[in-house]
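Two complexes come next, and they have one chain in common, subunit A, joined by subunit B in the first and subunit C in the second.
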Partner chain A sequence: MDITSWRFPVFLLAALAAYVLLPQNRRWWALLAASLLFYACGGAAAMAYLGVTAAATYIGALLLQRLNDRRAAMDQEARRASRRAHDRKRHLTAGAVCCVCFGMLFAVKYWDSTASALGLRPLGLVVPVGISFYIFQSVGYVLDVSRGKIRAQRDPAKYLLFVSFFPQMVQGPIDSFGHLSPQLLSGRKPDADELRDGIQLMMWGFFKKLVIAGRAATVVDAVYSDAGAYPGSVIAFAVLMYTVELYCDFSGGIDIVRGAAGLFGIELAENFRRPIFALSLAEFWRRWHITLGEWMKNYVFYPLSLSGAFAALGRFSRKHLGGMAGRILPTSLATFIVYFIIGIWHGANLTFLAFGLYNGVIITSSILLAPLWSRLKKALRVREDSGAYKLFCMARTSAVVFVGRYLTRAPWLKMSLIMLWRTVFDFHRRRLIPGILALGMSWTDLVVVGLGCAAVLTVEALQERGVRIRKTLASKGALVQWLFIFIPLTVILLFGALGGGGSEFIYGRI
Partner chain B sequence: MDKLIEILRSVCPDVDFETETDLVGSGILTSLDIVMIVSELMAEYDVKLDVDDLVPENFMNAGTIHALIERAGSK
Partner chain C sequence: MNSKKWLAAFFGTALALALLIPVLNVLVDPFGVFGDVLFHWDSYSETLNPRVGKLEYLDRHYEEYDSYILGCSSTSSFPVEELNEYMDAKFYNLFVYGADMLDTEDMTRYILRNYTVKNILLNVYIDNGAIYDDPGIDNLTGAMHYAADGSSKLGFYGKYLLLGPRWSLDKVERYFQNRLFADAFDVFDVTSGTYDKRQRDVEYIGDLPEYESRPAYAEFADYPTYTVRLTKTGPAMESLRRIVAMCEDAGVHLTVVCGPVNAGYMEGIPREEAAEFYRALAEVTPFWDFSISSISLEPRYFYDLTHFRNCVGVMAEARMFGDESVYIPEDFGVYVTPENVESLIERNDRLLGTEPDRSDYTCQVPILLYHDVTPDGSVGVSAGQLEDHLRALRDAGYTAVTFDELQAYVYQGAELPEKSVVITFDDGYSSNYQYAFPLLEKYGMKATIFVIGASVGHETYKDTGLAMTPHFGTAEMAEMSDSGVVSIQSHTYDMHQWGPYETGPDIRDGVKRFPGESEAAFVEALQADFAKSRGEIEAVTGKTVDVLAYPGGVYDDLSQWALSECGVRVTLSTRHGVNTLIRGLPQCLFGMYRIYADGYAGGDELVAAIDGLLAQNAE
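So, the complex of A and B:
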């Protein structure tokens, strides 16, 4: 179901009515029914993938829970003696679940591109919406049970709700069981403030998605479909618009789904914290898609960094390299691997492989060069807390992100490189405005996108300073509060790209 | 404790480990710093730390890190 269509608010209202009318201990039934109905719109295959993921992780978690319970019942001596055998069984069980889930994800999302590179037969499977998100969330649950952080959910229907909760099916966030499941099952009725906050957040999300991202998409789609035909200036503008589109598409989508969940009194994990203000690329990724970063940290980066192989590498590098370089080499390698995986997670072709390498190399280099950079700052007497330095760091991060965007939208890596080459060596400044207008973007579109970006930047700058916009609004009279719902609604209806091709979310295809 | 502070300073020279009380919550230590600190501690104290030990509560300040090493040493 397209959440920018009129069907979604109707669906949401019906689900909310059912939720509120049911007795408190049965309200989660309404959420489960709504979630399955929402996902069933994606077809039988989509339901089958969801079912396999839920079944594999449900059974795996129960087996792990049984292993942990058996060990907990032992006395201290027996527990110590059985530690190795217990860990081996735990790892085998969790590994089997990972193989089923990630194997299915590979078959659905990556097999065709791998097959075409190797000259094998493609499967031609349709990638259902949200598959990467619910698989990562479910596997995270299994690993948490394996580590004894949470207890496995015995009720299959309650567990299915955790896997399939409908707002998350669009583009995450990847929540943890400990945070999400108790909220889903509590059956708490939302109060008037939560309803108003939820609607306001959704309106803000629709504004970013439909008014800004939807309009920016016009020029992006046109240029990327035939990049060879445009001068560097138009290509650079299209990449800038793609950067704007992705920022507003992703953050707007997250606001919509967080607002929708908020209507049921459910607070989804924060997934986007104003990355435009990041001072480094590593910080950018800590602010962009926060829950994916947390997942990678907990289930890839930490285990990898503390693994036997990395410990051995650490001993080797300390002995042979010594100093800071010897100390940070293993961590840098683990960081590189994580960013490489994040790159591939975003897509199944060479451009995303290059994107992963690009991020991995820059972040790893910044770790390795940190001592040198620190000495340079001291020599130049740079004050790190000064506004000018922070502005410089923000501009530097934005430039690095901007260049990275050349890699992620083009269908082939060669085209990305041609676009980058043209931007640098074949710019043609004077062809910019006529080029943009010829692409179907009018002056009105340019002004709307420009003003929209200014509004987003202003709001985010206030939030960065600690201003809580919705809380401030809540302290005003009812008229002001409702105006902040109707004004965005009017702007969306007047200027939003309604019913156009720009309704699909970029991250929804991941 | 002095030895610990010295080790921590060698990994993160810009951090004031003697006075800071919430190194993780205030964003001073990132996951990268934590892993580097843990690698250093495991090498210096010859202790084994697990992924389960890498929780914010264990890295709030020098005192909680010290307690973590003592617990790991007595395992």
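So, the complex of A and C:
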């Protein structure tokens, strides 16, 4: 089910009604039923992938829990003696679960491109909605159980709800069991404040996703499908629109699902924290797709950094390289690997690999160059807390992110490079506006996207300064509050690209 | 406002807005299913969904028609005007794009049940063997009218009632962008039902490389070139069988045609499947086959890979009704029955691999452009120079032909002398009469003089009293025309304005629009100007005026269309070059190229330049 179709709010209201009407200890049934119904719309195959993931992680976690429980029951002596054997069993079990889950993910998402590169037979499987998200979330759960951070869920139905909670199904956020599951099962009735907040967040999400992203997409699709045909200025505009589209579509979608979950009194993890205000690329990634970053930190970065191999590398580099470089080499390598994986996570394509490399190289080298940079700042007497310097850093980060976007959308790497080349050497400023208009974006679209971006930037700047928008709004008079209902609703209805709303002309088909 | 009140306000507002959407959809009515009371814009709704839009239109206007053309989008190129004459009928072209045979069957059943029908012309395009019961893009734009396919009435009105508001907003926005010519959002000519091709059918068509490289027809530029498998021939022919039976039962005269197919498109269809298609079709009904012929081999007879031009439709209709006044290639059009279908298949297969012999239907014609003729050549060409030009042309074997002869070549397929040249003089100066006329007579050459109506017989610029080069008067005009040596044609009445002498507020750039002039006002002004020019010339010469040289050579599609609407069949620009004439393609006579002949000092130089251009342009 598309969360931007009219069916979604209706579905949501029905689920909410069922939720509220059930007795408190049964309310989670409503959530589970709604989640399964929501995912069943994706077809039987989609259900099967979800079922396999849930089963594998459920069983794996129970096995790990038994291992941990058995060890906990030992006395100290026996515990010490069995540590290695225990860890091995633990790693084997967790590794087996990871193999099943990531193996399935690989088969569905990456096999075809790998096969075509190796000349093997593609499987042609349809990638079900949200598969990466629930696999990451469930594997995180298994690893948490393995580490003894949480206890495994014995009730399969309750566990299934954690894997399949419907608002998250489309695009995350990837939450942790410890944070999410208790909320899902609490059966707490949402109060009027929560309902209002949820609806407001959803409206904000719809505005970003439908009004801004939906319009920006028109140019993006056209240019990326045949970038060689456009002058650099139009390409640069399209990449800018892609950056806007990506942020507004993803963060808007997350706002919609966080708002939807909020209607049930459930708070999902935050996924974006105004990345435009990041002062460095590393900070950008801490503000963008936060839950994926957290997941990577917890389950890739730390285990890697703390592993025996990395400890050995650290000893080696400190001894042979010495100084700063020697100290930070292992961390840099781990960072690099994380971004590399993030790149691949986005898609099975050379461009995403390049994207991972690009981010990994920049962040690693900025760590390595940090001492040099701070000496330079000292020499130039730059004050780090000055507004101008912060603005410079934001612009610098935005530029780096902007260039990175050239890599992620083009169908192949060479195309990305051609687009970059044309932007620099073949700009043609005068062809910008006619080019945009010819691509199907009208003046109205340009104005709407421009005003929409201005609204988003204003709200985020206020939030960045600590203004709590919704609270401020709630303190205003009734008319103002009503206007903030009426205007957003009207704008979304009139200017939003509502499911199948735009009239496209198909003249020319026989 | 506390949060409970906020929630009440939210749901109240949302409900009110949600209720407004159906109201908006009924009032603006983008698909034209609620009567379109505000806009009355049938072409728009027909473009969005022709299956629905056209039937809605016909429900209101069926009394104006008694015959229908059915089929997919290429069917649009069967013009109704000619058919109406041939069959003494009132045709409506009920084609819809993407039509498969089931669509056609549904529509046939609907019109037979609800309207009075005398004739049906059904175009069975080769693609009908590839798609059947195709759902279309989505159920809004691709759906059939509920009354034709028997689907739910409630579902039909429900979906158009609950449309997203964008559909209506788009319509309002486009209403203000609408131009006289077809836009992507209103492509139909409402009364005939065909595509509005006013603009496309006045576009200049010349040599092949230029045609193929042109970015025109952008809608079709990325037409997929894939293999077309005719896997649906079986169900399509079953459907056709039902159509034939329905027509027989209703006593309707049904003509089945198989429309022209571009050879490039045919390449993508397996030969054996195509053969099976023809056999199955002949089994169901005899039909006129136009699919493969020498026409198929020439790209310029097509708008794109899958759509033949209107002028080809004219030829097909002329063939069916035995009209010999129209040019038709010999191999175009065969009446097919089960007896001769095998020989047709064999002939088509043989034809497809071949290259067309373009000398059969194209030729190159240079047109020379002169203005003033002076004794010393101080302005334009000197009399001696002109004589040298004429002598050299004669010696090189050139025959001077008239625009009537060019038209006869294009429209009727008449022959032209091997080395033809057209001689033209613009403006109508007295010197043309004094020097050029006797020389033309002496060398046995014909020429055309384009006179500016407002300047005929004048030595001063209109009513300003300011002196200008003298122009000959009506007596000279009559004498030259009567001699048969010179044809007098139009250079407009008063759209050849000279800025410095003009007294009015606006000065036209040739025949083009003033800034801010509406399309309708401009068309009216141009047509009135030409009518005046033609009226005065015809009154003097008694001969038809249907050729116009654009002042300054400037024009646009709108002016070209406006003039062809009033019967102008040839227009001349001042672009440098020779012209490719194509039999059966009237557009090759629009915006013709000319050679500034007074720029060549001697006749031999001129002949060498012409020969050079012809060699360069040879097909």
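To be clear about the criterion, the second predicted complex is superposed on the first by the 491 of 510 C-alpha atoms of A that agree within 3 Å, B and C clash if a C-alpha of one lies under 4 Å from a C-alpha of the other, contacts with A are read in each partner's own complex, and residues count from 1 in each chain.
By our rule, a contact is a pair of C-beta atoms (placed from the backbone, for glycine too) under 8 Å apart; a residue touches a chain by one contact, two chains touch by 3 or more.
Just so it is clear, the model here is predicted, and its values are computed rather than measured.
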The answer to whether subunit B or subunit C touches more of subunit A is C
Query raised in the report: Who does A:M1 touch here: subunit B (first), subunit C (second), both, or neither?
Result: neither
Practice item. Please work out whether A:G314 is in contact with subunit B alone, subunit C alone, both, or neither, and reply first, second, both or neither. Key: first
Looking at A:T335 after the superposition, I want to know if it touches subunit B, subunit C, both of them or none. Which is it: first, second, both, neither?
first
Thinking of the overlay built on chain A, is A:I418 touched by subunit B (first), by subunit C (second), by both, or by neither?
neither
With the two structures laid over each other on chain A, which partner does A:R196 touch: subunit B (first), subunit C (second), both, or neither? second
Which partner does A:F301 reach: the first (subunit B), the second (subunit C), both, or neither? first
Footprint intersection on subunit A (subunit B / subunit C) at none
Residue set of subunit A touching subunit B in the complex reads 147-149, 282, 286, 297-298, 301-303, 305-306, 311, 314-315, 318, 327-328, 330-331, 334-335, 367, 374
Counting only contacts in the complex, subunit C reaches subunit A at residues 1-7, 9-10, 13-14, 17, 21, 30, 47-48, 72-74, 97-99, 125, 127, 137-138, 140-141, 163-167, 169-171, 173, 184-185, 187, 219-220, 223, 306-307
In the complex, subunit A touches subunit C at residues 191-193, 195-196, 199, 442, 444, 474, 477-478, 481-482, 485-486, 489-490, 493-494, 496-510
As the complex stands, subunit B meets subunit A at residues 11, 13-14, 30-32, 35-36, 38-40, 42-43, 49-52, 54
